[in-house]
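All chains are identified by letter, namely A, B and C, in their written order; residue positions are counted from 1 within each chain.
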Amino acid sequence: MSPLDLSVEELAKVLDLANDIEKNPEKYAHKCDGKILATLFYEPSTRTRLSFESAMMRLGGKVLGFSSANSSSAAKGESVADTVRTVSCYADICAMRHPKEGAPLVASMASEIPVINAGDGGHQHPTQTLTDLLTIRSLKGRLDNITIGLCGDLKFGRTVHSLIEALVRYEGVKFVLISPEELRIPDYIREDVLKASGHEFIEVERLEEAMPSLDLLYMTRVQRERFFNEEDYVRMKDFYILDKAKMALAREDMLVLHPLPRVNEISVEVDADPRAAYFKQVQYGVYVRMALILSLLGLGVDLC
Amino acid sequence: MSPLDLSVEELAKVLDLANDIEKNPEKYAHKCDGKILATLFYEPSTRTRLSFESAMMRLGGKVLGFSSANSSSAAKGESVADTVRTVSCYADICAMRHPKEGAPLVASMASEIPVINAGDGGHQHPTQTLTDLLTIRSLKGRLDNITIGLCGDLKFGRTVHSLIEALVRYEGVKFVLISPEELRIPDYIREDVLKASGHEFIEVERLEEAMPSLDLLYMTRVQRERFFNEEDYVRMKDFYILDKAKMALAREDMLVLHPLPRVNEISVEVDADPRAAYFKQVQYGVYVRMALILSLLGLGVDLC
Amino acid sequence: MSPLDLSVEELAKVLDLANDIEKNPEKYAHKCDGKILATLFYEPSTRTRLSFESAMMRLGGKVLGFSSANSSSAAKGESVADTVRTVSCYADICAMRHPKEGAPLVASMASEIPVINAGDGGHQHPTQTLTDLLTIRSLKGRLDNITIGLCGDLKFGRTVHSLIEALVRYEGVKFVLISPEELRIPDYIREDVLKASGHEFIEVERLEEAMPSLDLLYMTRVQRERFFNEEDYVRMKDFYILDKAKMALAREDMLVLHPLPRVNEISVEVDADPRAAYFKQVQYGVYVRMALILSLLGLGVDLC
């Protein structure tokens, strides 16, 4: 349901498993032979859905499901709880995406099979956070003692909030929060998560001034649908565009992450830079979902 | 095409096969290796589609298809016969759902592979009826000598009509038809099926008065789309809601079935009652579809 | 990207492989075990999508993807290049259908996995052309020294243009172009392809007069969406309908091909004629896609 459902120790084991899958894919190619994953997507999210489907197929399993609400029984007035109890008869595990916060939690309580939250409204998107953590740990070698810049829409950015909540569990993490005034991090993250945990953090308005100090830069998309009017969107969306000039200010081993899809907040000229890690991140997303599916089916890490 | 396409003897063998699959799933896990099922759904029906897909996957087979008409070649003016002849080159068996009565029959005549009717308009939904029969026989031990209550929308309820037509082939079945005046069973069922077969039946208006005599209660959804105006729907939809109080009037071994999805005609407080069999019914739906697919591919019961 | 990307020699080898698959399907049933095909269909084309999916499944592989643009990340403003780089992490090969000419080419340059053009606007549909060539060669025994009639919408018919471009590479091919004045072959095909190659061709208005001379008749659909007004469509669509009477004018070994779906340009009474080869063509479409997938994955013909 949430990345925090895993203890730091459990999480370390899941990430270890994901790295072992990366190194020895053939060892895992038949672990889920005969198993079925149901992808229940009440709102479209091709990227997340295909990542789950690829993960299950790479484990030897099969996939069924639906990719939008209008092709589901929800249109006939069925509750999420009933749908998931029904799907429990069709599959061994399911991944649910829902526009309503908490829907996957309700589902998991009714379900007789494991339910993975594949995103619920503005609330959680735990497998994205696991992906981010795996990418950072794999490419930097650690999750502690890093300086991470988070740039863009920090007000509505669900992935940013989740990543902060996940990283404050590690020592020596410094946060550089880069956003326009209007899209600053919400109070409950600033006060209850960052200040409460005692981690160092600063808020800045210009990406350039943050660049030199960063080990990692986490860029996010300015989502058109989060804005109340088109004018605000147009004015702000190009504020924080990462290009070659800004990359020249960064350390040689700084990494750029992005949950994707991007629109234009990272210029395509940055793609060829070896520090651009956002497509590797997609690949890590498959490995971590493989590790999670295995563990929830009792074939990987022992989770409570 | 219709549940009556199977003789009572053939049907018994298909249900036997389904029960054997239930007991020994691993024996059947590779029977359809290398085989492909096409799901041709000209109108959405997630539940039925996923049940077929799960059935094929549990047999080791693969699945392709479409889940609504606008994503099919029908939009380009192609006939159902041409579509199914084409699909004959892609798959080994197909399941077709179509809003038009008789479309699957037309398809089966043009097809070079077996075609299963997965529901055609208000006409037939044979695999639902096979599911109902398997559930009854598995949980009650017999299909004859039972008193079955059928409750709700008996006028438009396709599954109810099919179930009655299937059950009159067995001896000693008594029917208790529970519905508001406006939604009584149609004449052709009352006269040509029930009276013609000589089976005992009564029609009542109140669910409470029927409860004590029943071995089985088959609940159905009051489908909003069947009503001519919203007012009628609102007035009648809550008439026949099964709750704990009504369950207290029933025998200890009475079973509750429902083709699902339900809206509110069965209160969720009934779900925990051991007599609630509607989620088990979903599971039986997978087993009976597995038995049917096997048989139509020449790997199960010998059907003419 | 285009059927002309293969040299005549490479093409011959791909068609040989397709014929070997036809004769020995079991030899290829596990060649793609553990491999994943992504079907990225930015516009619906059930027939083409299912043909690719069947091809991959018949090779033992698995399939994921989307069947229309609104269920893809494109709706969030993502570029085709980014989508395909992401999908490179989920699959081993992909087939892309796109309404915009050149989109699959752009994708193939960004991709780390092979990209097959499954149709891009009015531009190319190379696997249809490979299908046509395989059908002709398999059923006539050769691609050279044939007289082929092309009938219907020769102005907008993408498959006709591609087939002509592919056939002028063989000796002794004569073209009979049968269409109403308004839908004649475009100048660039007449001048740059037919005349430039030195092949014999004639243009006629009546299907009847062409029939006796043909080894092959390639019929095409008059697509409603290509017309500017409904009136023109209604007036012309029934001009060139193939029926039993016209078939009586043809040679005994003439073959009828059609890329399908048909509306009414071939009367259903022709279906039973042994010279009707359009459903066999569908089957050859699966074999040639199997050969292409194998070759692009390095498991079949060596392609540069």
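The criterion applied here is as follows: a contact is a pair of C-beta atoms (placed from the backbone, for glycine too) under 8 Å apart; a residue touches a chain by one contact, two chains touch by 3 or more.
None of these values were measured; they are calculated from a predicted model.
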item: Turning angle required so that chain A lies on chain B, C-alpha fit (0 to 180°, nearest 5); value: 120
item: Chain C against chain B, contact positions shared by both copies (same if over half, else different); value: different
item: Separation of mean Cα positions, chain C and chain B [Å, integer]; value: 41
item: Residues of chain B touching at least two other chains; value: 62
item: Chain C partner contacts - residues on chain A that touch it in the complex; value: 29, 44, 46-47, 50-51, 53-54, 57-58, 60, 62-63, 67-68, 221, 223-224, 260-263, 268, 279, 282-283, 285-286
item: Chain B - residues contacting chain C, complex; value: 34, 36, 38, 62, 64-66, 70-73, 75-78, 81-83, 85-91
